[in-house]
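Here it is, the structure, as structure tokens.
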Amino acid sequence: MLHTVNKSPYTHSTLAECSKVATPGSSILLIEDGVFAVQAGGAKVVDLNEIMKDKTVYALEPDIKARGISKVCEGVKVIGYDGFVDLAVESKSHAWV
Amino acid sequence: MLHTVNKSPYTHSTLAECSKVATPGSSILLIEDGVFAVQAGGAKVVDLNEIMKDKTVYALEPDIKARGISKVCEGVKVIGYDGFVDLAVESKSHAWV
Amino acid sequence: MNDDDVKKIMFIMRQAPHGTIYSYEGLETILVFGAFEQEMSMAFIGDGIFAAVKGQDTEGIGIKGFIKTYGVLEDYGVDHMYVDKESMEERGLTPEDFVVDVEVVSAAEIGRIMEEQHATIPY
Amino acid sequence: MNDDDVKKIMFIMRQAPHGTIYSYEGLETILVFGAFEQEMSMAFIGDGIFAAVKGQDTEGIGIKGFIKTYGVLEDYGVDHMYVDKESMEERGLTPEDFVVDVEVVSAAEIGRIMEEQHATIPY
Amino acid sequence: MKFTVLVHEGPYNHQAADTAYNFTKAAIAKGHEIVRIFFYHDGVYNITNQAEPPQDDRDIYKRWSDIAKDNGIDTVACIAASKRRGINDKYMVEGTRISGLGQLADAVIGSERLVTFG
Amino acid sequence: MKFTVLVHEGPYNHQAADTAYNFTKAAIAKGHEIVRIFFYHDGVYNITNQAEPPQDDRDIYKRWSDIAKDNGIDTVACIAASKRRGINDKYMVEGTRISGLGQLADAVIGSERLVTFG
């Protein structure tokens, strides 16, 4: 299953709640303000590493670029709107809005 | 100075950010979803106790009642819209929206 | 209607009541979905669990309350109401604090049930 | 205008850019306040500090960017731009990451400066 | 005391418009002066006259209109925020108006207190 | 594959309407079918024809109208949410309509995928 997260993990509990519920093997796609999680050197990279032990984390490139994120932490797969569509075809999705 | 907080401390960083900035002696008024902080027995009572060491915490009674909060933790002063106006007269206010 | 045509639909309630309208308008959705005779369930996670807490009196804030709606959801075809145990305990609540009978389960269990659904809708 | 008539106004930027419009419409406000010749300052706290980070390219999301506006704020009368040190460090950022010169200070210092203001406006 | 009330969110979706109204009513009852109510961001949606709220719920638009007219409060939605969102002076409730952000600056400078709801 | 797109937030204030549009455009380009676009909560503000967005920014209303007309996508705002917020069929962009929540239920049941933006 695909879970989308669009809130910043620095100010909202959304990513934490989503990752608690998402089953091993599922995917989490960070979009909009959710992509702040991937800034290399940020405190939330630790949480992402924990999540990536048994889930795949994606982040939307246009949102990363819009926010001036200079370096994406390791392990996160960067995709475009096309890739988002492909993930949404591959499995059902839930939005943690 | 009066600081108002209207987001739940369980899901938003608002109260944490506000209390970090608010000076000793200032007041924090919890309104709307901010009042979830005062539910006795909840995990956030610990944070409120820390805040109340050098600040005064108020909570809006109509918002508490609307949310079915059965017991307000100790130390929090419960006020109505009248009391809110009085606090806003007493000092300048900032909304942590 | 053939059994194969019945779809599982789950409403994921994560927003606190009254501060925003999501949980209230979410209930309106569930009532309408009821007419379509699908297999419906709800999961309360995070601040969403506050929406189903007893003793809500919205008169002072001047907003129409909706707590009584929970009582009719079973009649509208909501078969399960799951509450995330950790979210409940963190907020100092117990199963007796809700206006309806809820099933207290782990977050992992909610995740597993989500995987079985035809669709999940967030409020 | 007499010096006594000049009021201190501080804009408290706490919202991340692009996901919501607050920081963008906040800048529009500051430009308009500029015409009133008051003593203006800004404080970036929490996700608000992301709003002033270098290298933002909004073409892919189809939203008009506003990062260049920061460059003219001084001309419009914004005398100080404070950044909360802890928020900045938590997010893995340094003073060089911002499009303008900022003053990195403690949260307590921002709180002290807020107390001196005639008004504070949140975005 | 002279207050400016600033509202950042739209009606019904967020409680901010309700709290702002209840605060304003209480301030007036205590004899304070509301210099201006200013709607910004989604707050501009508060002044439309095109809504039909459910009959068993409050009418947020009418409440703003009534409190503005009854107390002579200048009640203003930001024009830039309004244009972006489809609010205009052809379809606004009585007692309100649409104008520039200068009206917010002017009110903030001329009031002793700004209270924001968002 | 058959998609339903659900939008929970209004235009400009939240990015959801932009992301939903960009997703929809990409899905169409890949040959997928959008069974319905449904606007709920503040999402209903997306269909007004009364807005005048800044000329140097995107026109979110026109984008929805164009993508609906060009691809024959049924684009619906919830009537209950619309009434509360002042959206009605006198002032909506071409290619959109206002109807009940049954249209959401029907679309969700009849689609293989629901993708929500909020």
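By written order: A, B, C, D, E and F. Residues from 1 in each chain.
Heads up, the rule we're going with is that a residue touches a chain if its C-beta (ideal position, glycine included) is under 8 Å from a C-beta of that chain, and two chains touch if they have at least 3 such contacts.
The shown structure was predicted, so the numbers you read here are calculated from the model rather than taken from an experiment.
*Asks:* Starting from the defined contact criterion, work out which chains touch subunit A and subunit F both, please.
*Replies:* C, D
*Asks:* When contacts are scored as defined above, which chain pair ends up with more C-beta pairs, A-C or A-D?
*Replies:* Per the contact counts, A-D leads.
*Asks:* Report the chain whose CA-based centre is farthest from the CA-based centre of subunit C.
*Replies:* In terms of C-alpha centroids, the chain at the greatest distance from subunit C is D.
*Asks:* Centre to centre, by mean C-alpha position, how many angstrom separate subunit B and subunit C?
*Replies:* Here the centre of subunit C sits 27 Å away from the centre of subunit B.
*Asks:* Can you check how far apart subunit B and subunit E are, centre to centre, with Cα atoms defining each centre and the answer in Å?
*Replies:* Subunit B and subunit E have C-alpha centres separated by 24 Å.
*Asks:* What whole-number Å value describes the gap between the mean CA coordinates of subunit D and subunit F?
*Replies:* 33
*Asks:* Can you list every residue of subunit A that touches 2 or more other chains, as numbers and ranges?
*Replies:* Expected reply: 6, 10-11, 13, 17, 32-33, 62, 80, 92, 94-95, 97.
*Asks:* Please set out, as single numbers or ranges, the residues of subunit C touching at least two other chains.
*Replies:* 18-21, 46, 61, 63, 118-120, 122
*Asks:* Mind pulling the subunit F residues that touch 2 or more other chains?
*Replies:* Touching at least two other chains: 8, 12-13, 15, 19, 22, 41, 54, 80, 114, 116, 118.
*Asks:* Which of the chains touch, listed as pairs?
*Replies:* Here the touching pairs of chains are A-B, A-C, A-D, A-F, B-C, B-D, B-E, C-E, C-F, D-E, D-F, E-F.
*Asks:* Can you list the residues on subunit B that touch subunit C in the complex?
*Replies:* My answer: residues 6-8, 10-11, 32-33, 36, 39-43, 45, 61-63, 65-68, 70, 80.
*Asks:* Mind listing the subunit E positions that touch subunit F in their complex?
*Replies:* 10-13, 41-42, 45, 48-54, 61, 80, 83-88, 90-91
*Asks:* In the complex of these two chains, what residues of subunit B are touching subunit D?
*Replies:* Those residues of subunit B that touch subunit D are 1, 13, 17, 20-23, 26, 92, 94-97.
*Asks:* Under the stated contact criterion, what part of subunit D meets subunit E in this complex?
*Replies:* Contacts found on subunit D: 7, 9, 21-22, 25, 28-29, 32-33, 35-36, 38, 118-122.
*Asks:* Going by the contact rule at the top, pick out the subunit D residues touching subunit B in the complex.
*Replies:* Result: residues 12, 14, 45-46, 84, 86-87, 107-108, 110-112, 114-115, 117-120, 122 of subunit D touch subunit B.
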